[in-house]
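Next up: the structures, one after another.
Two complexes, one shared chain (chain A), two partners (chain B, chain C).
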Partner chain A sequence: MTALPLLAIRDLTVEFATRRGTVQAVRQVDVSIAKGETVGIVGESGSGKSVTSYAVMRILDRAGRIAGGEVGFSGIDLRAATERQMRDLRGREISMIFQNPRAALNPIRKVGHQIEDVLRQHAEAGSGDAKAKAIAALEQVKIARPEERYHAYPFELSGGMCQRVVIALALACRPQLLIADEPTTGLDVTTQKAVMDLVTGLTRERGMATVLITHDLGLAATYCDRIVVMEQGRVVETAPAATIFRAPAHAYTRRLMQATPRPGATLRDLLPEGAPAAAPERARGAGAPLLAVSGLVKDYPKAKSLLSRKAAAPFRAVDSLSFTVARGESVGLVGESGCGKSTTSTMVMRLLDPTEGSIVFSGEEIGRVPAARFARHPLRPKIQMVFQDPTESLNPRWTAARAIADPLLRFRTVQGGEAIRARCEELARLVGLPVDLLDRFPHQLSGGQKARVGIARAIAPSPDLVILDEPTAALDVSVQAVVLNLLADLKQALGMSYLFVSHDLQVVRLLCDRVIVMRAGGIVEEGPTAEVLEAPKAEYTRALLAAIPRPPV
Partner chain B sequence: MLRTLLDRLATTLPALAGVVVVSFLLTRVLPGDTAAYFAGPAATPQAIAQIRTELGLDRPLPEQFARYVADLARGDLGRSLTTGQPVTVDLGARLPASAELTLVGLALALLVAVPLGVAAALRQGSLVDHACRIVATAGVSLPVFFTGLLLVYAFYFVLGWAPAPLGRLDAFASPPPTRTGFFLLDSLMAGDIETFRAALAQIALPGLTLAIFALAPIARITRAAMLAVLAADFVRTARAAGLSRRRVVVTYALRNAMLPVVTTLGMVFSFLLGANVLVEKVFAWPGVGSYAVEALIASDFAPVQGFVLAMALLYTVLNLAIDLAYGLIDPRVREAA
Partner chain C sequence: MSAAGSPALPAERPRAGVSATLAHARAVIAGNPVTGFAFALLLGLVACATVGPSLVPYDPLASDTAVALQAPTLAHPFGTDQLGRDILSRVVVAARLDLAIAVFSVALVFVAGGLAGIMAGFFGGWTDRIVGRLADTIMAFPLFVLAMGIVAALGNTVGNIVLATAIINFPLYARLARAEAAQRRNAGFVMAARLTGNTDLRIVLTAILPNILPIMMVQMSLTMGYAILNAAGLSFIGLGVRPPTPEWGIMVAEGAGFIVSGEWWIALFPGLALMLAVFCFNLIGDGLRDIVDPQRRT
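Up next, the complex of A and B:
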């Protein structure tokens, strides 16, 4: 450790006043960051990694307060500083960038003006040169045509572009320390690489120190010098990035590393030792495929004015797509946001009508049945879906049992209150949800438990095909490992087919037999998972694979 | 912008056509015979029948409607049987009085409610917050005629601060030369400070009555919208960038919070037009509300239809203005339009 750290956090404790009394979110945390150093703070949700950074910036919300410890920034005691002094430090000496960049920008103010606000606040620019300096700041984050983008609103820019603007805003006044709080979560893997390369490039060039807060151990190890691992408000391990993968000292770090999907690991490898071995692979059904999609097209008409007669050319989200899913097979649908993978899965799910093309399921053409009428179709119970956000996809006023029973009640597959309850309990056991949790409401369940409820609901009517729409994207890695294993086991036990929609190639590799890489509504490459990921033929697949963070092993 | 305007106007046409049909039918199915009412209690059946023929009320309904629409197309709203004046003239004389009262009420309410709501949101659980809640609850729970009478009792009868609640100007003052029809504006334009003061004194109590009524929804929505926006990610970004509190609250939070407030404003305005009828009665205000009620009681069709149509037009224009205001505040709306 350097003699004079730029940021020294000692014994920091942060408390939150909640209805159930005070909760310590951060407990006696020690972190120190030297000038020019890049430190990663890694942990799962609830580990207190973000709260630590908010405490440093003193932007905790009203319920939170620093209960103990010291925070020093180049000799200044940040705990004792007045609000005015803090305001001068924020943005000028210490800056922050955030998760969900589009929401982090004022939606109704031009991005150029938002950068100007910061420049003027810290007297880095006057009214005469503010615009020029804001444009220069945009230029530095490699935004093409910065003069034009100066006038753009956040909703007119892509997520990656918004994150660049947030970075420009944070770096406009040349601070000494940048705190990046999950800066690439929710961004595509190629955008993630571009953003991270940009951040590290700019901070190295300026000799700035950086704190990267992330749940992704791989990302932190790739870009940081040192890594601090946090669990439940405490620092459990601090080690150089190069050694942490080779020799993780703490049991939690080992668990975290083990649960992270990585090349060479199988699904079972993600679980702690002692997990039962996977069931033997079922013989995959030969003969006619379960699902055959051919020439699928989806056009979205552009909104047109009432008075003007000419209609704009429609936007083609899915362009003559063809693929099949065999019985008992799981197929991954991979691509970056906007590639049409969700539109495709929604059409297969028959929630959206295709413009053209056919969807043959179990030998029956279902593409022609209007989505509005498919709810009463006899094949409806046979295609089910597990949604991306386990919380948002559950009715908050229904208990877990009611949520799982919903398809049973709708399809009348099981009749009678007791029979339904029995089936719910059977399903709960199947997905590993303790039966006594069945009468809880979603807000009383953890993320992993809610994911199990969502899966139990999907398999309740004994479907042949389950569409998994990024089912683990909102989960912590350790929970993700368990849920992915559960999905694989269920597939073996029940003989279902999966259509797995994801942007995460590592996860797809673990779960899928075959993978389809999509871009701009079409298929770029398709084949057995191992083949596509080990020896990609398409340039685009290679770019996707190259963008995955590679920690030094 | 012009395209948006035309598009929006085009969508209001079916609504207006509906209003024409419904207001016509409603006035016909209402109980009460116009001819009998105007012939007087001592009239012979022959006299009543004669009046009915004169008014065209003996014709089949479709024919009456066709004639009504034809008149409407020429800008003729018919003649009021009670006042003997063309309805357009009556409305033209009375509409500004109602509009002035409503706008004064709305402006007063906005001036108090928005700062109150913002303060309540910034200091959640403080005295200001409780005051905001009490004002809001009181505002909605007291009917306007009651607050109106209470204000008259306190400020005219007991304290003697306000002039007699008898219309827009006291009997001895002469109205300012008509330009906008709003006495406050006209007197200022004419440079007549004395008339301005007199008009202001007259409008103070009814304006306040309406303002108390309008205060509650605006203050509540402002508070709720501010709370939501203050918890938004971009406010956190602004704070993390070290922007001043004033800038964070006004430029970042308040402007975003104005979107729901503007929407509520449209609704509040329409409530106020309804509340106007009672307030005009209490303060003997010569507005369209009291005019329409009197006409309705007398089964005088033409003014009622004219009133309904005028109100519908007013709503349309108001909603259009709100949509345009939305576009000014929120660039996303501009794009979508």
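Up next, the complex of A and C:
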């Protein structure tokens, strides 16, 4: 590696002009990448990892500018390059994969044509051989039946397929450098493995360099040669992937590592040292289960075609599902997207009517009460939910206090303005939200604070069952660690039951007593968490476990 | 791509209520002087409409044939018309009627069209079909001809001009509100509101309506200009407000005949007032959105 690096970033500083003056998003960053190398840039939101890559591609938005430093790409000074030169470089020499593959593709153009566009733009193909080259590109990203898929529109493909098409697009012109910005966030764990194997395989095959930008230290350590850890716009540590887990040098890397859920770690292990010990386990209520679901079915009718009289067979999202949740128990509902776990939880929450089957909650059949009328049902306060996206689940026009007070006002559990405010403050303290933040609007709060508001709102009416719908999927790992611990503590303190819906087995393992693995609307495997995760019986569970990134320890 | 904006900003304690809104409005206007200009213009128009009639130098209806058809002078800055009435006074006094027609018709269509659209978007199904087809039916006509027909059929009164202007704007509001409400129907915060026992009506009023208000405000501001034009247009062709009432549309119509003979001022000044009013409302739209949207308050 004595040769000139392919990409050399030296002393890079990027500034953004905001109403309150300039903000430095990236400060004096040094990164160099050699040919054939895979480098992971790891950091939490706001660390400047994406901005660094935008600066390299010169696609910063209007408020941002490179304030200092140098960016060299195989001898070309990218800072001084004209827009025309950059256009020529982008796609041909440097390519980028974005986080949301569906948003990165033009929805009304066939994927094959989109690949042809790139090839033609850089004069890699003429009208005669464009189609053949596009199909070859699809073939290289291991898309089955590429001739057929050439004619597919993005909406006809799954998320993983779309990301493969995006990779095919990015690699069509055989670039020397590929920048992948969170390429697998939002994809299932098995799809993530397939996509990452593909990217690293192609990198090796073609001898190009890859930059993997991610918040997931485990993923980066598994697939990269070298890791750059960023915090608040600065590089705090650069180390080979093989050693970073064994001997993290910087305190921030250690914190990040510690917060990452991993085999063998308990919930408390994720927090920095000095956190108070967990409260002793409460005795679980024996006797009748809190929630008993049996024979639950949800059909979605397919649209009738104009020509045939017969209605098509409906799509069965949930297929005769039965399970129970005991009082004080937390049950994990695990599966990949489309397995019916969200449909199931929405039905249990009584926002969706089941086609068949019964839902018995505290001894009362609630599956028959229409969802539209359940808002006024006496059991409504007893089933609450924490949503996946803390930002989207808060009304942007309400302050935190108003959001938390909403269930109190509607269920009339507390009367009078002062009593409600007092209860809000009590709930805020319970979830660890500083009381002076109660008067802020959601956009003035951080992700973790918004998650706390969402949790406070869910526990406000003293529910018996809380459904957690991937409550930490949108959060940074360090915030995730804190929120998971908070949820565990609240469960001990208030004696609630949890139904935890997730695709992340590592997170489920930390919080749940029992786990149910779902696939295609049915249960594949069910049992105590330790048993299922350590000695899985079903082939599918084994595949899920095998797809979890395993960093070299 | 706005991941770029996320680096930690200094945490400033948000000020509460009115003072925060004012501070934010100041920042928006400082960032975009055109918005400030538009608001100044609006202030001028509102002043004309409220206190204008008691400030004008002449009675807008008093005719004096001795000074008929006079070009602008110091005594009559905008000149006089064929009956010797002072055009400045008439232009200022007309602001009240024209703005009133615009404000009332926009308020009417905002309530009717906005609510119908929200219901259509939120409930879907039959509500959506009925509102959608109603809007389609209205849009099937050339809108100005429809307004003419409504005023001609119902009678030549100010009330009917307001009604006609509201009806032809209905599809704009219903469609916008429908699209915005449908987008938020399954949002997390609406689901959360259902979980906390809110009824559908309450969800519409507390979760949907306040969040689509910013975009509706922009629409209102834009249709204000359109409503003024529509009212003036109806008067111009002889439907709607009748002479001798001062109204910009009639005044332009009356003056149009004199332009060929060189008396340009009779039509020019009311036309200019009309243009400024429409211009002002169109400019305000954007500024207003920035001010009412809480997300913009960084």
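Throughout what follows, the second predicted complex is superposed on the first by the 545 of 553 C-alpha atoms of A that agree within 3 Å, B and C clash if a C-alpha of one lies under 4 Å from a C-alpha of the other, contacts with A are read in each partner's own complex, and residues count from 1 in each chain.
Operating definition for what follows: a residue touches a chain if its C-beta (ideal position, glycine included) is under 8 Å from a C-beta of that chain, and two chains touch if they have at least 3 such contacts.
Not measured: the values here are computed from a predicted model.
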{"item": "Fit or clash - chain C, chain B, common chain A", "value": "clash"}
{"item": "Contacts of A:Arg380 with chain B and chain C, given as first, second, both or neither", "value": "second"}
{"item": "Partner chain in contact with A:Gln85 - chain B first, chain C second, else both or neither", "value": "neither"}
{"item": "Partner chain(s) touched by A:Thr355 [first = chain B, second = chain C, both, neither]", "value": "neither"}
{"item": "Greater residue coverage of chain A in the superposed arrangement, chain B or chain C", "value": "C"}
{"item": "First, second, both or neither for A:Ser337, with chain B first and chain C second", "value": "neither"}
{"item": "Touched partner set for A:Ser393, first chain B, second chain C, both or neither", "value": "second"}
{"item": "Residues of chain A contacting chain B in one complex and chain C in the other", "value": "59, 61"}
{"item": "Chain C residues touching chain A - in the complex, by the definition given at the top", "value": "1-10, 12-14, 16, 27, 31, 187-189, 191-200, 206-207, 210-211, 294-295, 297-298"}
{"item": "Residue ranges of chain A in contact with chain B within the complex", "value": "57, 59, 61-62, 86-92, 95-96, 98, 100, 103-109, 117-118, 121-122, 153, 155-156, 166, 169-170, 303, 305-308"}
{"item": "Sites on chain B touched by chain A in the complex", "value": "3, 6-7, 10-11, 124, 231-234, 236-244, 247, 251-252, 255-256, 329-332, 335-336"}
{"item": "Contacting residues of chain A [partner chain C, same complex]", "value": "16, 18-20, 23-25, 45-46, 48, 50-51, 54, 59-61, 63-64, 232-233, 349, 351, 372, 375-376, 380-381, 383-385, 387-389, 392-397, 403, 406-407, 410-411, 436, 439-441, 443-444, 454, 457-458, 461"}
